[in-house]
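Worksheet for the structure shown next.
Chains: A, B and C, in written order; residue numbering restarts at 1 for each.
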Amino acid sequence: MKSSSNSATADTIVIGGGLHGCSTALHLALRGMKVIVVEKDRVGRHASSANAGGVRRLGRALPEVPLSAASAQMWQNIEALVDDDCGFVASYQVKLADTDEQMDQLRARAQQVRDIGFEHEHIIDQQTLRDLVPAVSPACIGAMAVKGDGFANPFQTIKAFHQKCKQLGVTFHEGSGVDRIERAGTEWSVQTADGTFVAPNIVNCAGAWGGKIAAMLGDDLHVEARAPMLIITEKMPHFIDCVAGAQGIPFSFKQFPNGTVLIGGGHVGTAHPDINKTDLNFEGLATYAKTAQRYFPIMKNAKIVRCWAGIEGFMPDGIPVIGAGQADNVFHSFGYSAHGYQMGPVCGKILSELVIDKASTLPIAPFAPTRFAA
Amino acid sequence: MMQSQFDIVVVGAGPAGMSAAVEAAKHGATVCLLDEQQRAGGQIYRNVAQTTPAQAKILGKDYLAGGRLVQELGQSAVDHRAGVTVWNVGEDGAVTYSRNEQAGQVRGQHVIIANGATERPVPIPGWTLPGVITAGAAQIMMKSDGLVAQNAVLVGSGPLLYLVATQLLAAGAPPKALVETQTRRNLMSALPHFFGAVKDWKQLVKGMRFLVTLKRAKVPRYTAASEIAVEGTDHAQAVTFRAGGKDHRIETDMVLLHQGVVPNTQISRSLKLDHRFDDIQRCFHPVTDALGQSSHPLFSIAGDGAGIGGAKVAAISGRLAALNALASIGKIDAGLRDTQAAGLIRSRQSELSIRPFLDVLYTPPEEVFAPADDTIICRCEEVRAGDIRKFAAMGCDGPNRTKVFGRCGMGPCQGRNCGLTVTEILAAEHKRTQNEVGAFRIRAPLKPVTLSELSALSDTIHQDKTQ
Amino acid sequence: MFKPLETPPSDEQLSFTFDGKPVAATRGMSVAGALFQSSTDAIRNTPVSGSARGPFCMMGACYDCLVQIDGVTVQACQIPVTDGLVVSRVPNTHKGAE
């Protein structure tokens, strides 16, 4: 099937066919660039499929707040971008608290966000919370909430971005891991299992494998592959619209329109990025199960249909690398540390600006690859 | 506190699992046998130890022969845990299960997977209607519920179809008709294998006797049937098909489907063991050596789960897997293993002599692998054959991606009902082999488990560690 | 649909309820078997299309015989009947339901 004599030229080569790679390719194509995406496995094979689908501004690391806010606006109108609603349901994201101490932490946090000029995070009291989330445990005394946040369907999203890219003429080479990258004059030559591709610009969206690609481009960026785990239940009668998290506890909880409930939020299994394998950690899964019952007693008898884990890249400081590399026309966008899904739309736009305009309209200095330089 | 560490853990108490457990215990190994049914026997010998005289008469000698294995198991030192649902098998040999909504875990130095076969999915229009069940289901109900399907129309192909038909007849519920898919061409293709099969002439005679019995009872048989569908809105009402150049319609509220059985690969897939597609049996099976050793040193596979051979072959392969397991954990030496295995391998060879003949004679018709666009193939998420073809055209090139495209295989059965069909449709659409297309990745839990059970598991694990 | 192979001894007969209605059964039967005996085989509606569904494989593989006992979704073919058992339909989560 494969011919290794494949060779093609483009304006930009995007390495990595996840949501960030597809979004970058999409925005570059929208601005008229010819783009090739090379993907070592299949489009959306890793974190882009195996994520919880949270569309969340709530609780973001402060440097991410402006990007996340801009992305939230794009999500409101996602169909205009990719001709598909991506299963996006806007409601509320809430972060639950069951102690006064947690409430104080949430109040302090909301203040920090207001201090940098954003008003989306609100503190709600127990009654408001119960009106919003009737199924919540009576032990919860309040929450931080963001209206307009919600969730989307990761499968539908990656499919929509991929299809839209193809419609705009982006070429995808799947099963096409990068073996070597060489400089040829003003061009980059990317040698893969599926052929050699040449373009003046390279964007590294390789997720957990982003560090490996960065090294080929002369940048020393350490990304750790981890395997965030998820639990999905049987279809249950509709009982919650909001996406719930919990203050100080790895937990994320939502019910999809088809009735299934997704539980995730940070417990990890073991990642084997070299062989695309993840192992589940049952103690972590059991903790998820306990936490879900603690906040939502209705879950006690719910049946778990499937648990799984995806491979995601984590940076040492928990926020991604977004910006130019040391070599000419090299850009990085990876290491989203398990919260990159919501920022997919805007980060693709940012990367397209970096490639074409050499600057972004959004504040990306905190994400600079150079921040790890010793 | 129940024992949780064993030399050998066996999953499944059918002929393979029972033999494996008994054999291993005979050699002094500590053995835990886990099985979902309330009593040992598997599906083939289900409930065999509790059979009433009336059931015994109808179900016949081959079935009752399983009683001896159950008896041996009862007399052995095997820790048989019945009524437990295994929902995870870890690469470290830890097997996690539920019993009465309580989680438990045992660990073996070696694990023998003997989880048998399931019926091949037969996706035809209307197969999701109430009143349509598998032929195996009808037989299970005779064995363990004491119930007989009345006025049944049996649809499909394979020895079990005739066996169930004659059993229904013996039980005073003659089937309304047999609608069979095998053609004269199947017979012609099978003939070259006939001389091999003659070695097992007793089986051949038995098969002939079924047909004679059905003929005497004037049960109508239609062969080379095609375009088979079940009519009905909320319940099966009739079977329609084409045979002998004519359209037929037979009214019935009871349709029994069968197109042979295929290995249950849920556990072996979840462990990511090597699998291969068998072009004759048209199904995947885990790759094993003659003793049942899989591609992972800790796991052996015995019985129909490793490839379809039937109950007698399963019992032999169970003993072989036990020898393999015993040697791999140092309970016996390789010399003893090989001496004992040699005779077993020979008798298995002779039991298998009829297989190629049967496999070719009863090979399912192409419409089983290439259902019409409208036909539901994923019963859980109600995904149709045409949807899969549409996904294929959009670039979906493997079963796991059909989940992304349309939730196929994401329901509670985790692809047990649609997996093989999805592989076949994608292989046909992309003109690739089934091996190239592959199969669904299987995730824990193998069977759904409640949140409260899962959360209790961490306590079980902790207790285990502090022991 | 189904008839008993033989008349069970009276001390083996018992009764449970499905969706509030009494169902006669014999000890040793599965819940799915007993429902079949009482000609109740359309026991749930599918979440996707709302179509009627009933037991199919009777060996725990197909997940078509789902019912609820004590609020837990279980496979009716895997549960032995007991006297007085309370079995209910799984909630209909199909969009058109309610």
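Following the convention adopted for this analysis, a contact is a pair of C-beta atoms (placed from the backbone, for glycine too) under 8 Å apart; a residue touches a chain by one contact, two chains touch by 3 or more.
To keep track of the chains, here are their UniProt names: A = Sarcosine oxidase subunit beta; B = NADPH-dependent 2,4-dienoyl-CoA reductase/sulfur reductase-like enzyme; C = 2Fe-2S iron-sulfur cluster protein.
Note that this is a predicted model, so its numbers are computed, not measured.
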| item | value |
| --- | --- |
| Selected interface, A-C versus B-C, where C-beta contact pairs are more numerous | B-C |
| Chain closest to the middle [Cα centroid of all protein chains] | B |
| Chain A-chain B separation of Cα centroids, rounded to whole Å | 41 |
| Chain centre separation (chain B, chain C; CA means) in Å | 23 |
| Chain centre separation (chain A, chain C; CA means) in Å | 43 |
| Residue list for chain A, restricted to those that touch at least two other chains | 234, 258, 301, 303 |
| Two or more partner chains touched - positions in chain C | 48, 72-73 |
| Sites on chain B at which at least two other chains make contact | 411-412, 448, 450 |
| Residues of chain A defined as touching chain C within the complex | 234-238, 258-259, 301, 303 |
| Chain C partner contacts - residues on chain B that touch it in the complex | 36, 38, 43, 47, 50, 52, 54-55, 58, 85, 101, 118-119, 128-134, 136-137, 140-142, 144-150, 171, 173, 234-235, 253-254, 264, 379-382, 411-413, 416-417, 447-448, 450 |
| Interfacial residue positions of chain B with respect to chain A in the complex | 88, 91, 96, 272, 394, 397-398, 401, 403-405, 407, 410-412, 414, 432, 443-445, 448-452, 454-458, 461 |
| Touch list for chain C against partner chain A, complex | 47-48, 70-73, 91, 93 |
| Residues of chain A defined as touching chain B within the complex | 1, 42, 44, 49, 155, 158-159, 163, 233-234, 258, 277, 279-280, 282-283, 285-287, 289-290, 292-293, 299-308 |
